[in-house]
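In the two complexes that follow, subunit A is the common piece, with subunit B as its partner first and subunit C second.
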Partner chain A sequence: MWLYFAKRTILAVAIIAVAVTLLFLMIMAVPGDPAVVMLGPRATPEMKALLHQQMGLDKPLVVQIVTFFGGLLHGNLGFDVFSQRPVADIVFEQLPFTLELILISILWAVVIAVPLGCYSAVRRNSLVDQVAGVVTVATIAIPSFVMAVYALLIFAVTLRWLPAIGAGNGLWDGLIHLILPAFAIGIGWVGYISRLVRASMLEVLGENHIRMASSFGISEWRIVARYALPLAILPTVTILGVGIAWLLSSAVFIEVVFARPGIGALIVNAVNTRNYPIVMGVVLVTTFLIVAATTLSDVVNALLDPRTREKL
Partner chain B sequence: MMSVEAIRPEANDATAVGAFRTFWGQFRKNRLGMLGAVLVVLIAAIAIFAPLIVTHDPIRIMVGPRLAAPSLDFLLGTDQLGRDTFSRTILGSRIPLFVAFASLGSSLAVGLVLGLIAGFGPRWLDNLLLLFFDTIRSFPSIIFALALIALLGPSLASVILVIAITSMPIYARVVRTQTEGLRNSEYIAAERSMGAGTTRILAVHILPNVLGPLVILVSMDVPAVIAVEAGLSFLGMGVRPPTPDWGAILNDGYSYIDQTPWLVFAGGVPIVLATLGFTFLGEALREIFDPKLRKDL
Partner chain C sequence: MNYYQGSVSRRNFLKTTSVIGGGIVAAGMPLSSAIWAAEGKVLTAASTNDITKMDPQFYTAVSEVSVMECLYSKLTRFKPGSEWGWELEAAEKLEQVDPTHVRFRLKKGIKFTGDYGELTAKDVKFSFERGIKHNSPVKDNWGSLDHVEIEDDYTGVIVLKTPFMPLFNIAFPYAVGHIVSEAAVMKATKDGGDFGMKPPAFSGPYVLAEYKPNQHLLLTRNPEWAGSKPGFDEIRVVLIGDTKTAERAYQAGDIDFTGITLDSLAKFKSNPPADTKIEGHPSLNYHWIGMNVDHPKLKDINVRKAIQWAINVPQILEAAFAGQAEVATGTIPPGLLGHREKALVPPEGDLEKAKEFLETAGVSDLNLTIDCLNESLFLTIAQTVQAQLSQIGITVEINAQDAGSFWTLGMESEGDRWKDMQLTVMWFSNLPDPFYATGSFLQSRVGIWNWERFRSERFDELSAKGVTISDPNERAKIYQEMQDLMEESGAYRFLTHGGNPVMYRTTHTQAVTRPDGYPLYVDFKAV
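Now for the complex of A and B:
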């Protein structure tokens, strides 16, 4: 197990190193001077030289990469010349809003989806199962930003039940402001997780030890909850690890639609103003989050199911 | 419609017509799959015949009043510039289909080549490519897309490039796994002992076997690509105005959401129908040809 853990960690570090290098080369490969793009056509040579110096663009490429890596190890993501603040400060200021949004979204989705998936598996081909089957495929297919705009139109603009924009002030107001965004992100996950739980539950219910348990006369739902679910939930754990990438992508749209603070809104603004340091800062932080989450879910999986350890 | 031979090489002994009948018999029973097929054919027909269907010039401004409700003259109303929404929605069907075709096509080609190299090449190259695939997969797709667009500037070409790059690693991984499994099989060893070169083995024996599952996998990604294209255009990072596009129309609707709901319908409903259609169709194809495909990932 320790060997697996060590290997998996080395792989994660390697991925991050390659990712950082790729991103860096990407910026360099773009034709034109980043300083000119950022400052616009009316920049004077002095302004350009100053920006070059501030961003370290006047040094050789290798020095730039090494400096960048060195900075990263100290948690330094660079400096935003527009606001005169470190990029890390700006990104980590916005990150909690995004994390709060995706955590609440996935939480309500899991709470609804796991029982629904179990029920669909046990009462296979019942009316609930069939309706859920169609509805879940549909909710998975509908993009979250379309869902968000429709939720906004119905519940905020037409019915005026819920606030349309912002993150609110205070705990209660904040939660009210989270309802529509969390609904828009989570609804697809309800479908996805319930289908996943249903499929693996069907598989588990067919196994010998479960059939044995039911032959002992243990009640159906007790078997599902006590013996089958801990096994059937495994694929969901894996998917949640990978899923943070999709959740972050949805959050970009949702934050824009509901005018919420967060790293999604931050990067969209940064792209519009061509603020490269901020854009790269967000990409790096989110990539790190994703690598950490997938590594964690792989390790958890290896703990729960020894067979997966050999795959690396 | 794709013939069965392209997907299942072992069906080669049957005639094409017979194979299609077998497929059609299974497909017909899948009600959601049929619904999906109808939607997809409908959208494709609309995209092809769009110039014949439109009632007004879709990019001409002030053909009617601003933000008008639907009427006989303007079937879906007008937008904030007084352009005919119906004509824009109809012509807007072209962009997502074109983007899906271009981006997934190039992604499939590159993924196929890199996957074959990884699966058939030396071990060190395999490991290197795998690290590369895993790295690209760890970028958060939309955020990575925004970063590329920040560098390249917003355009349709950027969107296509971004989708091609981010979807490639999954295809390459599938091809690699399949190739690796096949390279050690007996019939490849037999072929090699008869003096077949690497090119012949790859082209004649490996390629037909990996292409089928790959095509299904790619077809299942079409709804996601439509969503990404519409999403990026919604954020103003995709097609440039005044080109009509569903995501862009939805964004217009979002901007004027408190004045008219019609633009939101005109942009959003086609996106939903397109993603649903391709999802239902893709799921049905996967169920018929390869029920276990997704599990290999």
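Now for the complex of A and C:
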């Protein structure tokens, strides 16, 4: 198991290095000059040159990449061209807001979707299964930002039950501010996960060891929870790992709609203004998150099903 | 094992929170508002632009200046209301001694926080000279400023290299005119440079109590402020990047003052939220369709004139600005010195005349491109122009680009893309002086910000003269002629200045703004 974990970690580091290098080159290939965006219509060539120098844009591309990775090894992601604050400070200031949004969204989705999927599989073709089938497919089809706008209009603007914007102050206020954004992101995942769990569960419930457990007189829900679910949940764990990227992209829209702080809103603004240090900082962190999540899901899979350890 | 300490048990906690939560929901109040409502008089306003600088000499946006006005003093300030003008603030007296010398006398008793003492002429000198010394991106706001001479603690003379009238309109009463404490800034920065979002001392009615990036700024009363008491104990400026989101937040009761989009203006006017006043304000910005006079397809002035006459401006405003913006006659908006009553080409244009110009040019089956920002406003303008030019047989292809790419399009320093550039949907922000609204179109700015590559010796002469004339009528005529020259070149079709409508809750505040709708928070009155 430890060997498997070590291999996965080395692979993860290599993936991050390659992804960040590629993204660095892609960002540099896009036309546009951060100095122009920052300095505005009154920018003189001297001012632009000075800013290029401050940002290191006057150096060859290879030097810029080496400088970036060199700084990375020392924990230095550079400085924001606008505020002159360290990029690491800015990114890690915003990251918790996105992480809490993603975690709460996925948590409530899993809490509802897994039992729903199990119930639908066990009570196949029942009224609950059929209604859940229609509703969950509908929630998958509706983009999270559409859900966000309607949730905001209904619960914040019309009913005035919940706040429309921001992240709140303190734990209680913060949780209240999370309700609508987390609902908008998580609702699609409820449908997706419940369908996935239902399909896997149906497959597992038809296997011999489950039928044998049933013949021993073990209760239906004990069989589901103890014997079938650990196997049926494997595809869901894998999907959740990959889904972090999808969740991050959803967070971009949601953070804009609800004017929430977070790295989604941060990167949209940074790309528009060609604020390269911030873009690279956010890209690095999101790449790390995605790789960490997929690695974690692989490790969990390996723990749940030892056969997968052989497949690296 | 007892997991709970003190007197708060899980049961008690749930019971209490349910009662509080139920009460709040029953009262129809958003929970966040309920939490803030426990405090004194609090104004919650939306800022739809990011705020990244509190250093006046390095400001990047007008939204920052609205906050700076609460934190620092300056010699003069813009008068609130619908007419542009200025009045004394920290200065007791301000007189133009001669075209290059302006004497000021400060009011006594304006204090800096943090034991940095009284605001003196030494601080004025330090504040005004440091933008130039540290090569600030906005140092051009100071024009030809040379230095400030100190006569005594409260009196000084601002010395210019050459006459520069815009000083009174865009330097003293606006961002760079804010006075900071020399001792405090030197202590905080060592070299007197940019202090970013960490002001070391305040001299205005408020202090910056909290700044949470991408969330909000919290301003609280300055206990050392000796001037008239502002209306609110606290001002929360909530950073909301998208104006539509700010509108929803206002409707939800989360904020009390916000700017609104022009396409929402009509809707809010006909069906305003409860206890709300909607105000329309003309913006200083200017939008136009630019034509690259150096491009082979647009070299002939008759082609450019054909395009000018084929463009129907009111149609564009109806489509892109929901009919809520007024037609522009040039780059200088109404209310500012140099504004023209009429453009040379009527707003509706004339398709027959446009066709005649094309015939004179001997051009047919013309294919052009139009570059614009990839935002709905600019795309709609481009699409409307595309439809209008098709009526005289010109086919237009739209190239939409993101801000980073678009704003380097016409720059020679950024490659050769300017050579292929033909039509552009342009807009520039502006300050309340005609110098600012015309300065980008000089010959020296060709290939920098003069993307039309318009060249006129006369225009340059007038521009140089315009900043030296103190007589307003004479100065106005100069800028009117400059706009005539721009339009006569055929390189410009002026569209609009847009607008900055705002709305606020009348049960909470009486809002006060500049003529262009930007808030003057210190003048807001609590209701």
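Simple rule for what comes next: the second predicted complex is superposed on the first by the 285 of 312 C-alpha atoms of A that agree within 3 Å, B and C clash if a C-alpha of one lies under 4 Å from a C-alpha of the other, contacts with A are read in each partner's own complex, and residues count from 1 in each chain.
In this section, contacts are C-beta pairs under 8 Å (C-beta built on N, C-alpha and C of every residue); 3 or more make two chains touch, one makes a residue touch a chain.
What you see is a predicted model, and the numbers here were worked out from it, not measured in a lab.
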Contacts of A:84 with subunit B and subunit C, given as first, second, both or neither: second
Which of subunit B and subunit C A:271 touches, first, second, both or neither: both
Touching partner for A:215 - first (subunit B), second (subunit C), both, neither: neither
Touched partner set for A:166, first subunit B, second subunit C, both or neither: second
First (subunit B), second (subunit C), both or neither touched by A:259: second
Partner chain in contact with A:153 - subunit B first, subunit C second, else both or neither: both
Subunit B versus subunit C as contact partner of A:125, first or second or both or neither: neither
Touched partner set for A:134, first subunit B, second subunit C, both or neither: first
Residues on subunit A lying within both footprints (that of subunit B and that of subunit C): 30, 152-153, 157, 256-257, 271-272, 274
Residues of subunit B touching subunit A in the complex: 32, 131-132, 134-135, 138-144, 146-152, 223, 227, 230-231, 234-237, 250, 253-254, 257-258, 261, 264, 268, 271-272, 275-276, 278-280, 283
Subunit A residues within the subunit B interface of the complex: 11, 14-16, 18-19, 22-23, 26-27, 30, 134, 137-138, 140-143, 145-146, 149-150, 152-153, 157-158, 245-246, 248-249, 252-253, 256-257, 264, 267-268, 270-272, 274, 276, 279-280, 282-283, 286-287, 290-291, 294
Contact set on subunit A toward subunit C in their complex: 30-34, 36-48, 50, 82-85, 90, 93-94, 152-153, 156-157, 160-169, 172-173, 176-177, 256-259, 261-262, 265-266, 269, 271-274
Interface residues, subunit C side, partner subunit A - complex: 17, 25, 28-33, 35, 50, 52-53, 60, 135, 137-138, 140, 194, 196-197, 212-216, 238-242, 245-246, 248-249, 251-255, 402-405, 407-408, 411, 413-415, 417, 428-429, 439-440, 448-449
